[in-house]
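Order as written gives the chain letters A, B, C, D and E; numbering starts at 1 within each chain.
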Amino acid sequence: DDLTGTLKKIRDAGSISAGHRESSIPFSYLDDKNDVIGYSQDLVMMVVDAVKKKLNLPKLQVKLIPVTSQNRIPLIQNGTIDIESGSTTNNLERQQQVAFSDTMFIIGTRLLVKKDSGIQDFPDLKGKNVVVTAGTTSERLIREMNEKKDMKMNIISAKDHGESFLTLQSGRAVAFMLDDALLAGERAKAKKPADWIIVGTPQSKEAYGMMMPKGDDQFKALVDETIAKAETSGEAAQLYQKWFESPIPPKGLNLELPLSDDMKALFQNPNDKAFQ
Amino acid sequence: MISIRKVSKWYGEFQVLKQCSAEVAGGEVVVVCGPSGSGKSTLIKCVNGLEAFQEGEILINDLSVGARKTNLSELRSRVGMVFQHFELFPHLKVIQNLTIAQCKVLGRKNEEATEKALKLLEMVGLTTHAQKFPAQLSGGQQQRVAIARALAMDPVAMLFDEPTSALDPEMIKEVLDVMVVLAQKGMTMMVVTHEMGFAREVANRVIFMDHGEVVEDRPKTDFFKSPGTDRAQQFLSKILSHGAEQG
Amino acid sequence: MVTLAAGLDWSIFFKPAFDGSGTYFRFLIVGLEWTLLLSVLSWILAFVVGSMIGVLRTFPGKFLPALGTAYVEIFRNIPLLVQLFLWYFVLPEIVPGLGTLFKQALSPLLQQLISGVLCLGFFTAARVAEQVRSGINALGSGQRGAGLALGFNRWQVYRLILLPVAYRIIVPTLTSEFLNTIKNSAVASTIGLAELSRQSQQLGEFTAHWYEAFIAVTLLYGIINITVMIASRFIERAARLPGYVGGKG
Amino acid sequence: MYEFDWSSIPGALPFLWQGMQRTLEITAVAIVVGIVLGTVIALLRLSGNWALSNLATFYVNGFRSVPLVMVLLWFYLLVPQLISNLMGQPSMDIRLLSAFVAFALFEASYYAEIIRAGIQSVSRGQVSAGLALGMTKGQTMRLILLPQAFRRMIPLLLTQAIILFQDTSLVYVIGLAEFFGVAYNTGNRDGTLVEMLLFAGAVYFVISFSASMLVRALQAKLAS
Amino acid sequence: MISIRKVSKWYGEFQVLKQCSAEVAGGEVVVVCGPSGSGKSTLIKCVNGLEAFQEGEILINDLSVGARKTNLSELRSRVGMVFQHFELFPHLKVIQNLTIAQCKVLGRKNEEATEKALKLLEMVGLTTHAQKFPAQLSGGQQQRVAIARALAMDPVAMLFDEPTSALDPEMIKEVLDVMVVLAQKGMTMMVVTHEMGFAREVANRVIFMDHGEVVEDRPKTDFFKSPGTDRAQQFLSKILSHGAEQG
């Protein structure tokens, strides 16, 4: 028949390799039984089901492979994984290297601060220490802001979100700038989550998508179709409810992040547009 | 038996051996002496092919050491060699030191090799030490084991490179005694040594080397009575003078 | 691999970096500078502390050598990354007064640099100590005896006799320890220091050209390595004593 | 004052144990393959053949000049392609396989140097003695040189194995759940990074320290 | 001058020195001999405090070596010592080897030290080698430098521990010659050596040690004529026999 690219490879191998993250709460992470769970993971499993159906392979083997921010793009490129679903921002640079599915989530970049710190918004950060995770859009944005508005901030960039939050907790920084959904996830890890709040005007919007090999229209069409159907049918909204407005493993905390207008718009009109 | 013919050797630019010639007939004992750095060790190593040389020829029982087609391993197994620093194999027991080459090179059975080894240990007076490791023996004992190890291969000739110079004075005698016995049994021997007492007792001829050259090669009595050259004269007076009042 | 090589785009190194500091090439060079600064400072600390511990381990008696041994065992048997966390995140918290002062009075960059240098320095010192000890032991007891017999005190024996020769003996191993320090300095990216490996990661994140980033950083480490090795040859040659056939026989 | 929260540890213990098994697997494979390959490379370096010894030198210097993290990343990116080119989709976990290959090749370069130094530390006289007894070069190497060299090297080889054991912690960069990776991810997920790292550090210390004590005892025994 | 009184020393369980006593008067030359491992080196090292001992007393010019209040560095700087393996400082030129302790220990000016050093180099016949490094000299030359280095401190006595046993036979004489000159100048010397020629020529007394004990301590002529004990007799016959036919 007329299968090409990834789908053909999946059928020939009898298995699909899906990349996931290990601690991107609540998108893609390991629970206390070492199972991969999360919003993005639920969505990618829908994609897997669609692949099974399309290839008529109910017993298709699913290989879950943890990836890091460093190797996720090369691993798509060299074919080790067929699809990656975590918390990867769809942007123009990355589109040069890989293909992105329809958007599964839209975030705004905001600040996590101590409740009693008195910091309400970005202008309050003048002359303060701010932590970001190295390589994130937030790092780019905050450095630009520092230059343009001459805010004299000390910008610390830590290796990963966990270490950024540790830097915040140890008092080395007064604020941690990151995607609001991930900040909510970080806050959920805190020893006293109630001590921390997310504040500030969103500085940018980012669209999360699944990554796939570039130039494989057949596979992308199948993935997009699956995501679009989930979003328009209300299944995605249910997933949202499950991961952002209910208690989640491992500690049973509720992120309490209400559905944003951007997300509502997305669910009505699925698309694969990047914001940058 | 051993015939060294106009052998020259260079290390890079530096010429260590200059047209050296010498003959050792079967059953003869030849002592080689000369100042440090004169090329004695190099010459003796050339004889069993441990060092290559660029010019000349060395024959052992009419087999040419330098020739391509000569099987060096086989040749070496028939010429025993004893080193200044014994060079026993420290990871093997004394008895294994004596049997390993018999088994691996000559292909002897282990029992046969062990029997031979024990006989030789008896000869050098070390039967009781067969199960020890070399490090557990004194220097003199180690050197006697080394001699036995070389003999175990049934060599047609033996080469010695300063076999006593790393020994304490009291141990020198026990090693020399073994060598004297060997000589008296008619073993062909080429011995680099400064022990002139030994030379006087058993050598047939003395070869004196200096700066890579064989300067003298004369019967021992001639040599000791009146060395033919000034260099040998000087050398002899130096190494004998501080022991002059001995004995 | 062939298809990949064709897809590599080296022009990204001449594009402006995300932080406006210049091109990405310049951006990597900044990382290289931090790597070198961190390594050199750590090395100085490691050399001084390591020499002291190494000397301690060759002292007569029981107590002082045991102290040296304890140091070496502790710093050698905990993974470097864990040690870095201890220095940067844990120590300032459990030493209340000084820790708070450290966190508040110093700029973040300085905190990172100091923690990085202390961590790498003390870690490497354990290894330098072993080299120094083996260098001194290689001299045998004769040199020590000769020094003492001339009336030198213990300190003079080390300073004038043992160490000058021991250092010469261990130049090659010290070189490879210095190279290790350079490679180990990559852990400092964990606490946010913008050293070479971190910059290459940033380059990958912001341009999505991961392969180019990996290749560039691998090459840069290779270049540092070759440079240090060549430099050490010169040091070795300069330190070599006329007529002294060093090394093994 | 830092409030420690050790609650993540009990639940994670089974996974930490699995991780430790992985760690030990990688260590073991790297030691065995590393020593075998390292011996070959050391012999090549000492072979006297210009081309072979330069090739071996290049191998050793190449691996030693790049941080282990980069080696791991490279192999994780390259091994899958090579494998699938050679034998189609592998059945084994590609990360584990990459870690095996990367560590084994990397360690071989370190072992090669140790082994070379060990061989060179046996005096030249021993070679002469072997040859003088009529042994071939191969026999001299096998029966005389290598047994002595290995005996001398044992402490160094074991010390290197301890370093290797600690270095395996770096495979967390390729997302393989060995001991350190499990500890790190658990800490990262639960917000107990400091505690989990301290715990991991303690475990590494206990194991490495005990091992190095054993090595020292062995060394003392060998010396006597 | 040197007075050793009932000195005992243990390494753990093993007793190296057993109640050793000996006296060396000013200007006297005493030769110490005995089999390997008998404790000669240990005894001589105890004399200038390089080894500690547990029992007994050693006095140098009435200063007790073992006593707490004795400044060991100062004491050592006044007793010269020459070692078997020379132990020159390889990173310093010959001249620096001779001046460093003068400057750092005695606090002499560099010019003064250099002048002294050159005078001593002249005495040992090595003036032309002042600017070389030790490794560029032969063993005999190195040992002569080592003697000069010890003399540079103006010692009241000199200790020698087998000063010629690491030397090639031809170099032994050049070192012994220097020592003979020293002895003739009236230096107080305690010399561990097996060179019986030297002992006959310059020693006043010979001390024979075995198993950590001083077995004999007699004027040299007595000692050589008829050693008082079997052990000494045996030892002498061993170390003399292989040289018996010499001279």
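Here are some notes:
The criterion applied here is as follows: a contact is a pair of C-beta atoms (placed from the backbone, for glycine too) under 8 Å apart; a residue touches a chain by one contact, two chains touch by 3 or more.
Remember, predicted model here, so these are calculated numbers, not experimental data.
Minimum number of contact steps separating subunit C from subunit E: 1. Common neighbours of subunit C and subunit D under the contact definition above: A. Of all chains, A has its CA centroid at the greatest distance from the CA centroid of subunit B. Of all chains, the one whose mean C-alpha position sits at the greatest distance from that of subunit D is E. Centre-to-centre separation between subunit D and subunit E, using Cα means, comes to 51 Å. Chain geometry summary: the mean Cα position of subunit A and that of subunit D are 36 Å apart.
Touching two or more other chains at once are residues 2, 73, 77-78, 81, 123, 193-194 of subunit D. Residues of subunit E found to touch two or more other chains are absent.
Listed for subunit A are residues 70-71, 74, 78, 163, 166, 170, each touching two or more other chains.
Pairwise chain contacts in this structure: A-C, A-D, B-D, B-E, C-D, C-E.
Against subunit E, in their complex, subunit C makes its touches with residues 142-143, 145-153, 156, 160-161, 164-165, 168, 241-245. Partner subunit A is touched in their complex by these residues of subunit D: 2-3, 5, 11-12, 15, 73, 76-78, 80-81, 84, 88-89, 94-95, 173-177, 185, 187-191, 193-194. Those residues of subunit E that touch subunit B in the complex are listed here as 35-36, 138, 168-173, 176, 194-198, 200-201, 235, 238-247.
On subunit D, the positions that touch subunit B within their shared complex are 123, 125-126, 128-136, 139, 143-144, 147-148, 151. Residues 69-71, 73-74, 77-78, 93-94, 96-98, 129, 134-136, 139-140, 143-144, 147, 154, 156-159, 163, 166-167, 170-173 of subunit A are the ones touching subunit C in the complex.
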